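Common to both upcoming complexes is subunit A, partnered first by subunit B, then by subunit C.
Here is the complex of A and B:
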């Protein structure tokens, strides 16, 4: 029963990881920018939600605020950091260092304004109910699951049918042809950042309500998103989502066998093995070399 | 005050050595590792064990540290040979996270979170280096040695081949350069020097624990190299001095609570990293603006 219990909470964590990692994969897939600061977006959205609830705003307003902060921050980074670097043909490492700098800045700003300790929001959603003898499930599990399924369905049909969605998929393949069809590469890349950043919001908001947030959460989420994108196959949305779910489950199940210290490390063992033996990931066609 | 300055100078020499060693990977080899604190840590634990279990001889400790870190740097060479670019950065991030956990959990060897305490003051050939000035001179000696090795190697065929590989791996391969060997040697050399820095650090602090070898430390070392100017001889040293002087300088700002100094320091160097990458990606000492 312990295993089943852990599996349930693993799926809950994994569903949220999946959304966040899908945001990262969406941005990379469309713009070829390795958005290392995606975790900073997550942290800012989470703390915006915390701030809203401290100010006494109702949760839908808090959610909207988090969404606005995430999208605004993503667009800001695209315009102020990534685009200037790409204009002078910066190498990927230049992008990486700049984005890492952003992660550090956001982390220290949060530390200065909210303190170093964990912050969390208490909600009745996290109260666990006994479903089966010995198996406790909180409502937040169903919420996380439902949100993930609905968003992935919407995202899938948007990318498959909508003109802008198809444009997003075309952007990385042939920007010139895109221009010939009257679409703006610049606008589409802004759209990718807006959408991708928005995908970090559910994880951030529910994260604030369940496990709590600390200033270092951005770095943690960044690592998870990276790991999920590699394991799933870089640029593959489906792969990142599946791998995010997988990582969440692995991370939680490990607790049944080893010390909790190892739970984060377990994800990185999976990552390391994939990079060494199957760098193209589960669904990736691209080769790393 | 003199003691404080000597302590700061020792740290500058040790971290200077550390950033010079990372520069071999990042600056000359184009191997963008964010796991350098791992090898710093391996060297520190090895050096501490030599001092605690055998003899506090600094040369012996440095040798053991260089061997340990050098041999285990194969862990980094392996992904470096298989993948590059973003994939390698991610692999090294993964290695760093794993190592932090191992350092914390393998408490028989590393002392876990409590660390290894009571490392005796170093000696060299039986002569005590308990005097801070003497220890500083030894640290500077190691730094000078590393600088001499880097300068010599980078002018020799090894360095030229390595830099060719950094600029275009396929071109270097086409010219018949042994790419795997070059990469492995660069990683090994960088790892070994980082190990030596670790051993010196263990003596300097008389105490080591996992907190000095986390991702934050790796990023700090990387920032030293990048902000100073990767691929130059003086750049990493400049970056080291700037980033080490920063917290010291911040303590003189009136009205800044001491508990916030850490965060403000991070804020400043994070900002410096981002802004430099946008306007001057080659770093402060770098000549080639916007190198690809």
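Here is the complex of A and C:
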């Protein structure tokens, strides 16, 4: 029963990892911008939700506020930070340093506004109940699972069928050709940031209720998103989603066999295994040298 | 012949300027007694830095208002990040750049990294937050104004046995503090007829504890003890409770911080801490508590008390040395401490032993409505 319990916990964690990692992968896949501040988006969305909760707003309104903050932040970064750097043909490293600076600024702003302490939302949704002897499941498990399935289904359909979705997929391949089809690379880039940032919201909202938040939470989220993107295949949305789920399950299941300290490391062992034996990741295209 | 370049000229002209800056910095340092703080000011343990600093700041205000010393006190802060690396880097800067002669420190790992640097430079370190067992007698220049965790465990063990909480599961941070606590708890609990039924080591950066909760549930303990610090403590409590762990949760004084006190899931938490009796009727305590309530609108915590006491201790020792016409440095401060031993501090008379450690009464508390209520 311990294994089943750990599997359930792992799926819950992994579903949230998957959504956040997919957001990073979507942005990177479409724009080739190494959006290191994706973790900051997660933190801002989570704290916006906490603020809404403190103001007594209902969960859906809190979720909408978190969504507005995340999308607004993503669009702001795209327009005010990344686009000027790209206009001046800034190197990958310049983008990384700029994003890293943004992360530090956001963390400091959160510390100034909310203090440095841990914050969480208490809700009966996260209280586990014994549904089978030795198996405890909280309602938030079903919520996380349902949200992940619905969002990935909608996103998959959008990217496969909608004109803008197809444009997003084409953006990273040939931005010049996009213009020939009457599509704006600039608008598509903004769309990628809006969608990618929005994908961080469910994880941030449910994270505020399950694990809680601290101003530095973004760093951990970014680490997971990066690992999932590499394991899933750089730029692959479904790869990142599946890898996020895999990392969540692995870091939880490992506790059944090894010391608990191996939990976080286990995810990165998976990462190293992929780097060594399948560097293109689960769904990445192999590149000939 | 050496070629004189523009760079050489620039460097040469900057030398007097740099020397001047250094000289003026040193002159300022001579004007004031420099006290350093080596607290975590960012990251998951930053909450402690804010608390520790507030206690020290109020003491400086009182010392200045009372004109206890001929020279003012100046505070220089370094962010230890709560890590040994941060502690070593910060201590080096406080000693070699800021010329601090008395450094306030917290956290076991930070203390163990900073103490050798303090010992070499004969700079006194005073700990009011770390409770690891190794901190006793760490160095002649390292003193504790907080009782250490073995003292807390000694008080907790009979409490547990009396309440038939013999089988204890332990979650502990794998660092000098956590390992020391594990050893002390195992020794005392086993000797008292109890046992540790599970011991899960975690990293200070871990954030997911649902898997540990599942593993602990299989051992059916009577109680769960966790030894962590900062934001992680609240995460552990919340996730254990959410995962259906209904057994009593136990911990040490490190959990007496607002983020734990204000957590609904922490209601009923049992924790040991030094007795914080704000009704003690002595002028030092009365003034501290009254001013604290006036400034912050709430009661102080033992951490505020400890760092207030740490600064007050310096003022009392330096005052004694000034009156005797002696210089104020690590050696004279230590000699004065060992010669005097008893000081009027917040909470009553503070008595120091040969190692420079204070003795204080420890009590078992339960968290009720965000407040600590003594139960044993």
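Here is the rule we go by: the second predicted complex is superposed on the first by the 278 of 289 C-alpha atoms of A that agree within 3 Å, B and C clash if a C-alpha of one lies under 4 Å from a C-alpha of the other, contacts with A are read in each partner's own complex, and residues count from 1 in each chain.
Heads up, the rule we're going with is that contacts are C-beta pairs under 8 Å (C-beta built on N, C-alpha and C of every residue); 3 or more make two chains touch, one makes a residue touch a chain.
All of these numbers come straight from a predicted model, not from anything done at the bench.
Three-chain overlay on subunit A, with subunit B and subunit C in a clash. In the superposition on chain A, A:260 makes contact with subunit C only, not with subunit B. In the superposed model, A:93 lies in contact with subunit B only, and not with subunit C.
In the overlay built on the shared chain, the residue A:2 is in contact with subunit C alone; subunit B does not reach it.
Contacts of A:109 after superposition on the shared chain: subunit B is touched, whereas subunit C is not.
With both structures placed on the common chain, the touch criterion links A:78 to neither subunit B nor subunit C.
In the superposed model, A:129 lies in contact with subunit C only, and not with subunit B. Of the two partner chains placed by superposition, only subunit B is touched by A:276; subunit C is not. Note on the chain A alignment: of 150-158, 168-176 or 204-212, the part of subunit B that runs into subunit C is 204-212.
Put simply, subunit A uses residues 107, 111, 259, 261, 264 to touch subunit B in one complex and subunit C in the other. Against subunit A, the residues of subunit C that register as touching in their complex are 42-44, 46-47, 49-50, 174, 200-203, 205-208, 210-212, 214-215, 217-218, 230-231, 233-235, 238-239, 241-244, 257-259, 263-265. Touching subunit B in their complex are the following residues of subunit A: 34, 81, 84-85, 88-105, 107-109, 111-112, 219, 223, 226-227, 230, 234, 259, 261-262, 264-265, 268-269, 271-272, 275-276, 279, 288-289. Every residue of subunit A that touches subunit C in the complex is listed here, in rising order: 2, 5-6, 9-10, 12-13, 107, 111, 115-120, 122, 126-130, 134, 136, 138, 210-212, 214-217, 220, 251-252, 255-256, 259-261, 263-264. Interface of subunit B with subunit A (complex): residues 26, 32, 78-79, 82-87, 89-91, 93-95, 97-98, 101-102, 104-105, 215, 219, 222, 226, 260, 262-264, 266-267, 269-275, 277-278, 281, 290-292.
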